[in-house]
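Across the two complexes that follow, subunit A remains constant while its partner is subunit B and subsequently subunit C.
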Partner chain A sequence: MVGLSEGEKEFIKGGIAQDLRSDGRKRYTYRPIYVETGVIPQANGSARVRLGATDVIASVKAELGKPSALQPDKGKVAIFIDCSPTADPTFVGRGGEELSAELSGALQHCLLGSKSGAGAGIDLSSLIVVEGKVCWDLYVDGLVISSDGNLLDALGAAIKAALSNTGIPSVHVAAGASNDEQPEVDISDEEFLQFDTSGVPVIVTLTKVGKHYIVDATSEEESQMSSAVSISINRKGHICGMTKRGGSGIDPSVILDMISVANFVSRQLIEKLDSEISAAEANEDESL
Partner chain B sequence: MEFVSPEGLRLDGRRPTEMRQLRAEIGVVSKADGSAMFEMGNTKVIAAVYGPREVQNKGQQINNDRALVRCEYSMANFSTGDRVRKPKGDRRSIEISLVIRQTMEACIMTHLMPRSQIDIFVQVLQADGGTRSACINAATLAVADAGIPMCDLVTSCSAGYLNSTPLLDLNYIEDSAGGADVTVGILPTLDKVTLLQMDAKLPTNIFEDVMQLATEGCKAIANYIREVNPVILIAVYIWPSLKIF
Partner chain C sequence: MRNLQLSLNQTQKIRLQSALEKLESLSSKSNANSVVTVADSILIYEEGILKGHGTLDRKGELVATVCGVVERINKLIYVRSLRSRYKPETGDIVIGRVMEVAQKRWKLELNFTQDATLMLSSMNLPDGIQRRQTAVDELNMRSIFTENDLVCAEVRSSHNDGSLQLQARNQKYGKLEKGQLLTVNPYLVKRRKLHFHHLEQYGINLIIGCNGFIWVGEHVEVTDKMAVDQANDSEQQIGKCDQNSMDIDGPDGTFTPLKTRQNICRIANAVRVLSALGFSITMEVIMETVNFSKTMNLDIHEMLGSEFYVLVAESEAERRSATKRKR
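Right after this comes the complex of A and B.
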């Protein structure tokens, strides 16, 4: 719900063309990012990420489950996103469901890899307890509290932060169970395994406005976009997933160009995010 | 089950008439006209207010000379101990939305803003008993933060009766123990009760004690809110005087 006059629209487009956006940023500059971890003590891991006026919370809950027959050596991860009406009055009732579904879908593409489980940004084989019998199911829940554009990048960052904040209880499997029985497991209350998140990608969304594209668009800028491409890239520079939103088509060569820009931007973003996450965790330890 | 130990301590170490730790913050949702976060122990809620603005759906406008107040209560998937995916708009949320709306309507000076609409959205981030009260307290703060005229603050607190002891501000375990649960909302300066709900049964004389305790709790919350946000004090107290002129 952005109401802009013709003059404002021209101002935004003109600013982007001249590499000086309304808030003083350049085209490839992110807004300051703030991370707070452990905001939901009831969850196994949680984080709140603020990107300008965009504010999201991600939480991770781990439950013991059974691995699927197709991938007996892998755990399962499910991502659900909810858009709270606090972010925008149009999300009231079922109004936010379409956007929630779009965001959940895009995040699944960007973080979870293909149906076979190969190439996932999150290492699913570390979630296995007993092959073919017991595994951890991770439920990742995202909540949009305040929305000022670029929700996907913020949610991706929040999920990454929440996963690095996640402690999965260590499990002792009772020995001697026969092959077809469900083994008895003993969940420890004290020992927790840290989840390896070094491979979890970040998401960089490039929004095309006019002839140029920008990162981290605000909702005013998003209202002027022709299309947007979200690319998830990990530390090694591998592309882990991609989605395109918006109606109008993009030239294939532009997409390749966007990927190289995203690659460059993602390195800075990962560095910034990592330092913010470790600062947030140090802060949390202090307050305990 | 024993909810009050022989030493007079509750499960979480509180005394029977002790409240959980309160924490409040305003301006947590930068896009909203007014917003607040309110914590009562482990219960944590966010409220956002949009408006007063033009009525979006003219069909909902019943009274032409008053503002329309709308409210929606929602719970995050991760807010409860066991993760459950709840559909939006279940009976419980609709009931609580209605309770919050009626309580806020009682203190917002709706006659000053005819033909306009005020939206109050409350989002539960963590539920550990007393979400109803926490939502009302957060909503009051958010409405005050939005600069919407109110005749008084409205604060809410619950009290219960377990092991023959009146207990203030029940947490989830105490709340689900099956004893009586009295939720009271008051206008602290005008000294009026705007919300009163109770489930289970209680003898009349004990009910008096429990309600008295809950009212004391509401007053304590009001004092806390005034302490944290002196700006809100001004916002709330200028308006009644305007009515006199």
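Right after this comes the complex of A and C.
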């Protein structure tokens, strides 16, 4: 990240205060989103999302596993994010670990709910094969290729697109297995069940600069932020998770205002994202 | 033209493709035979040829070491590469970011292989009088330019080892504030007579640096420090205090006025579109693009949408074919 001179910083802050950012966007406008699905053929589902110069890839791999004893009727989902050195030279080796851990944690909170699995944005009970014995484990991996701010939103969108692109193979369970043994399962190569992603939330990050908040900050704007709140909202307008970063404190009334702004913005974002995802899937079908 | 990250629908893709093909067919074909890639051999028919940049003598054969066009001037044969880092020449106007404040000099980052040097002696001293520099001046260097400042300067000389010396002795060079910096590929900026553009009707300064850094900002009146200083000394101090506390409550007066800001953003977006499409950046093209977007009543941020890209490509193809027909 190159540094910014004082004059440039003033210009950015002034732009946000006057509702006209450096690239002409208003405070609540997103950059053009570009979605591509099926970029990794070996994975069960994958997607690449470009938000301006921010570029991320998400992939979903499904494997059969045993459900945890505490929730025998739910499958498991694990989310891991990796920051590639192509995004920033400081990410070489272990440099990107802090950011990766932060992003993974935030995404897990937003999409997976609490440790007990309650309140997850992704419907975990649809992943069960045989209750108590066999379930699907989804491993969601995200890779940050290029970073120009707003990584959390891009990763949230990529995961949503990858999940809608995911095909879980249908499983035939051998009949007549006793209660104690592991049942035999036959994974078909042909039939796939599309994962239901209508309940998957999107993440909207609001970055506070001065007195105003903006949506979809570039990395220059993020360098001027005092704090940022990321809210994941689903189609019904319910909040599925929230994270706050940044050292300065925010008044509770400001947080409530940010939530209502995020609600308003998320409706347009969900529509746009859904149309982009279906366009991407249509493109993928054509090219196949 | 590479990696255009836009979701173009089918018709837009076709239109863009046809516009780009039209532009390619319009470009001069005379050099088609002399385009070489690395390790292509260059045919020479005479003796006593001087082998210039980008060539290598391998077992008596002349071979190209870069991808580019073979050029010939009398007895000198060299390969001119098309896409490369900035190649400085004396007298170029460049914009650089201060990376380091060293002994009696500043080191600027210019999108070049090394950091360029701006000596303290190549700068006008802040009080404007021509005098010898003292040790106090050296200690106060940071008050002139500090780290991460943007500086506009002129190339004074480039040495054999590649190091670059800059000078900023003129009033129009110096620190850049109140605007934004855009980075484009250096080969898109051709050398012209004029790189400083003061757009009077908008009150905006547009500086097209030869190293690919382009500055769009509000026009700041260049005052004669000597005359102003004595009169406004106390006023200035009050002004500075106001500025520091104005951060949050900024009245529009201290921020850039909205109209100017809109024009700055429009021009910046025009440059972004042109650089993504790979067109040369000149004043005329930028202003044409801006006027085009205004006549279409496009929102400023829609200039970065796919429709506008396609339209700009098409209009450029039209313009070039029109100029070709006139010849």
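Here is the rule we go by: the second predicted complex is superposed on the first by the 287 of 288 C-alpha atoms of A that agree within 3 Å, B and C clash if a C-alpha of one lies under 4 Å from a C-alpha of the other, contacts with A are read in each partner's own complex, and residues count from 1 in each chain.
By definition in this document, contacts are C-beta pairs under 8 Å (C-beta built on N, C-alpha and C of every residue); 3 or more make two chains touch, one makes a residue touch a chain.
Computed from a predicted structure; not experimentally measured.
Participant: Is A:S59 touching the first partner subunit B, the second partner subunit C, both, or neither of them?
Facilitator: A:S59 contacts subunit B only, not subunit C.
Participant: Using the superposition on chain A described above, determine whether A:G210 touches subunit B (first), subunit C (second), both, or neither.
Facilitator: Second partner only.
Participant: Can A:S100 be said to touch subunit B (first), subunit C (second), both, or neither?
Facilitator: In the superposed model, A:S100 contacts neither subunit B nor subunit C.
Participant: Once the structures are superposed on A, label A:T218 by its partner contacts, choosing first (subunit B), second (subunit C), both or neither.
Facilitator: neither
Participant: Per the contact definition in the header, classify A:T166: touching subunit B only (first), subunit C only (second), both, or neither.
Facilitator: neither
Participant: Between subunit B (first) and subunit C (second), which, if any, makes contact with A:Q18: first, second, both or neither?
Facilitator: second
Participant: For A:P89, using the defined touch cut-off, is the partner it touches subunit B, subunit C, both, or neither? Pick first, second, both or neither.
Facilitator: Touch partner of A:P89: subunit B, not subunit C.
Participant: For subunit A, which residues belong to both interfaces, subunit B and subunit C?
Facilitator: 55
Participant: For a test of understanding, state which residues of subunit A touch subunit B in their complex under the given definition.
Facilitator: Touch list, subunit A to subunit B: 39-43, 46, 53, 55, 57, 59, 61, 63, 80, 82, 84-89, 92-94, 97, 139, 141, 143, 145-148.
Participant: Considering only the defined contacts, which subunit B positions touch subunit A in the complex?
Facilitator: Of all residues in subunit B, those touching subunit A are 28-32, 35, 42, 46-48, 50, 56, 70, 72, 74, 76-81, 83, 85, 88-89, 119, 121-123, 125-126.
Participant: State the interface residues of subunit A toward subunit C in the complex, per the touch definition above.
Facilitator: 2-8, 10-15, 17-18, 20-26, 29, 31-35, 50, 55, 210-211, 276, 279
Participant: Taking the complex as given, what residues does subunit C use to touch subunit A?
Facilitator: Result: residues 5-7, 9, 97, 147-150, 175-181, 217, 247-248, 250, 252, 255-256, 258, 261-262, 265-266, 268-269, 272, 299-301, 303-306 of subunit C touch subunit A.
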